[in-house]
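First the structure, in the form of structure tokens, and then the observations on it.
Which chain is which? They are A, B and C, in the order written, and residues in each are numbered from 1.
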Amino acid sequence: MLARGGLRLEGLVKRFGDVEAVAGVHLELPPGQLISFLGPSGCGKTTMLRMIAGLERPTEGRVYLDEQDITDKPPHVRDIGMVFQTLALFPHLTVAGNIGYPMRIRGVPKQDIEARVEELLGLVSLHGLGDRRISQLSGGQRQRVATARALALEPRLFLLDEPLSALDANLREQLQVELRLLQQKLGITTIMVTHDQREAMTMSDLVVVMNQGRIEQIGEPLDVYRRPETPFVASFIGRTNLLRGQVTDGEVRIVGRPFDVDRPVASGPITLSVRPEDAHLQTTTTPERNALPGRVVFVRDLGELFECYVDCGLDEPVVVAGSPRERVEVQQGQPVSVAFPREACVVVAET
Amino acid sequence: MRALRWVLTTMVVAFIVAPLIIVAVVSINANRYMDFPPEGFSLHWYAELWNDTGWRDAITTSLSVALTSAALAVAIATPMAFVLRAYDIKLAPVIYALGILPFMLPPVISALGALVFWNSLGYSGRIENIIVSHAIFFSTLPLITVSLAMETMDPALPEAAQTLGANPRTSFRTITLPLLVPSMITGYAAAFVLSLNEYIIAFMVSRFSVVTLPIKIVNDLRYGFTPTIAAVAVVFILIATTTFTLFALFGNLLKFLGADPAILERER
Amino acid sequence: MSEIRRPTRGTWAVLAFPLAMLAIFFLAPFAIMVATSFYHRIEGGFYEPAFELASWERLLHGVFIERTLFSIGICLLAGAVCIVIAFPFTYFLTRMRRRSHVALLVLIMSALALSEVIVGFAWTVLLGRSAGISNILVWAGVMNEPAAYQPSFLAVLLGLCYIAFPYCILALYPQLTRLDPELTEAAQTMGASPWRTFWTVVVPIGRPIIMAGFLLAFVFTLGSYLIPAFLGRPEHWTLSVFISDQATFNANVPFAAAMALFLTVLSLGVVGVVTWFEGRTRGVA
């Protein structure tokens, strides 16, 4: 496939009255990849997607597709395919009617439409369902029809607005994999909006984490997970323990205890992020560095998962998680220590 | 409480049905004069409706007025309902109020307004007057039905159409309009029935030159009763009842009247 | 604002036809009617442009005021009777088994589809001396001789209720189907009898639609021409009949116009006042 579909956003701002939904975004996205816009509701991710689609006009800023300025172009000339949150399947047309729609309105000859529709039905594993009415389809089938319809004319950009949110959990996970495989097969530049970080992690080449109209971090999923750059990213992606402390004379102190971290830090307040699965319980001694003493407040033993909540004098209990192999016998109220290995401590804030 | 329920329901049903039954009985009376108990039975008053040119013409006139004015009403209401709901227009509530107003005012006001209007143009007593006036005053019905359909339509549909390459006109023609057709039909039917039954506007606008069915009935009643009038009434009653029964059997009457979807599931 | 919801020149072009129709055939007639109310009446049913207050002055005459008060009175009464009966009836209706539920709705809708002419006619027969209720009672031996109950105040009232009733039911129906049955069940588990439940739970919740239904019935009956004309003597005529009479048989169009404008203000005014009042007292119960 040609590597087309390179998207560039320059200084994008969107204001609705007094509210700034998107507060100045610069972004350059490589073609052919699946990129997720991830964030909580109201963070501006859907607004950004709609500006890329042409359904909203930016208050400021420009949108470039393959270096062409498309900011002022209406959606119907932008060469995009979009799957909406409600799927927006046309209820009065059959499955084939929906998928063939973009071709029909461009005056493509009937046989060519039929052939292409067959091809697309095969692509999304919906062979033989061309004559069905939308109301007769299951949730998963409808999702596939919406996908096939959006991809009918091989657009340069494939946009998805929370495409799986209406489906139940099992179906979602199945379709996440299907969509990802499809995207890789076609090599089409895909932008997906989601609030589900697991979905983003499963499917993406690149994750753009957004909060309050701004981009907090961009990176590959595992990078963003292992090396969050802000407390928001650390807690939004997976779970984490946020340890707040002070740096004096080059030494990090959390609740007075010394911590080593992997990079030099300036004096002042500091926040470290440590994932629960990287922290360990020590029942006997308390290591001198990178450890906090505390008391067990809750134990959650789910068989396949073991979690321990320890009050170490921070705002919230520290969570230690592990697999059954790492299980430690502890009781509520028992004094323990939690060790935070140096390589697992990520500096996420210095304010 | 249960007794009260039963009593109330029976009373209401009796109230609604009583005049209809009486009229039905009168219509099959062989005798020209209304009396009870009836002296003989005959259906020949129904035949009168067909044989008497006065009645035939009135029926034809009413039908042509109703068919045309309802179509015009839908033609006026649909663009309005579409534009007001598809676009963000600042004056939308005002325009919508203007569309609702004709129907909300007591008919005699509209009738008088139409009268002085057509008089001032020097163009009165024509069937077109009734058609246009009816269309305007009943355009509220399709305005409401089509607006409701627009409101319940997924707003993402036209957006999807446009991302698939349809310009706004094509999107309306291929997506929105087909989905509005049911509500347009409902609006048409409502305007049709109202026009067929309407008296005061038709009367004041055309006076004695155009005779619609309601006008003929009122005129005839002034000169004394004939059972033919009762026959007309029964025909109307039968048509109405049959239509709604069919609707109930083959359509979804409850949903049409605005019932909660949950009630459709409940099988008590 | 979504970009495709932004109106373009084409949008206004589409709106032009309906707006033009409404302007020409609704606003213009209304404006002309306003002007006509100041015109000078000529014998024979004609009128010529002028600026006189003669027609408006007649609104202050006793006859007109009496008509107005009567109209308001009988329509308020009809509205009240309708809603008082329609509300519990519709409530029970929504709780009925499917078959009777649908059958009743078919009945109501059929009654709705009847024209006022037919309804008026049917009631003149029903309350008349030849083939009406009294005749049935005579035949059954309960009465000695037939009597006519129309034209009369009661006849007009019954007729007005008959035509307004289906509309009341339609106005109440959607909301009453949405009344959560668990609300009444909860009340009953707390010890309220069905009677008390109805008055303390259902009616307060239904207040907004009761008001709306009442207003609907009021405005609708105020606009009725044929029912009072058929079923009442001139002393039972409402403003609608009076206005129509003046415009046609009495051939005093300017006066009719003035009255019609007054009736417009009255209708809109009553609706406005009651709506405002309802808005203020909401949430107090």
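Quick note on the criterion: a residue touches a chain if its C-beta (ideal position, glycine included) is under 8 Å from a C-beta of that chain, and two chains touch if they have at least 3 such contacts.
From a predicted model like this one, the values you see are computed outputs, not experimental measurements.
Take chain A out of the picture and the remaining chains remain, by touching, one piece.
Relative to the centroid of all protein Cα atoms, the closest per-chain Cα centroid is that of B. By number of C-beta pairs in contact, A-B leads when A-C and A-B are compared. Inter-chain spacing, taken between the CA centroids of chain B and chain C, is 16 Å. Centroids built from CA atoms put chain C at 58 Å from chain A.
If each chain is reduced to the centroid of its CA atoms, chain A and chain B end up 55 Å from each other. Multi-chain contact residues of chain A (touching two or more other chains): 54-55, 74-75. The set of chain B residues touching two or more other chains comprises 159, 162. Chain C has residues 2, 4 in contact with two or more other chains.
Those residues of chain B whose C-beta lies close enough to touch chain A in the complex are 154, 156-157, 159-167, 170, 174-175, 178-179.
By the touch criterion stated above, chain B contacts chain C in their complex at residues 1, 5, 8-9, 12-13, 15-20, 22-23, 25-26, 29, 33-38, 75-77, 79-80, 82-83, 86-89, 95, 98-99, 101-102, 104-117, 120, 132-133, 135-137, 139, 155, 158-159, 162, 168-169, 193, 196-200, 203-204, 207, 214, 217-218, 221, 229-230, 232-233, 236-237, 239-241, 243-245, 248, 253-254, 257-260, 262-263, 267-268. Residues of chain C touching chain A in their complex: 2-4. The touching residues of chain C, counted against chain B in their complex, run 1-2, 4-8, 10-11, 14-15, 17-19, 21-22, 25-30, 32-33, 36, 85, 88-89, 92-98, 101-102, 104-111, 113-119, 121-123, 125-126, 128, 130-133, 135-136, 139, 162, 165, 170, 173-174, 177-178, 193-195, 198, 219, 222-223, 225-226, 230, 239-240, 243-244, 247-248, 253, 256-257, 260-261, 263-264, 267. Interface residues of chain A facing chain B in the complex, by the touch rule stated above, are 53-55, 74-78, 80-82, 84-86, 88, 90-92, 101-102, 105-106, 149-150, 152-153, 159.
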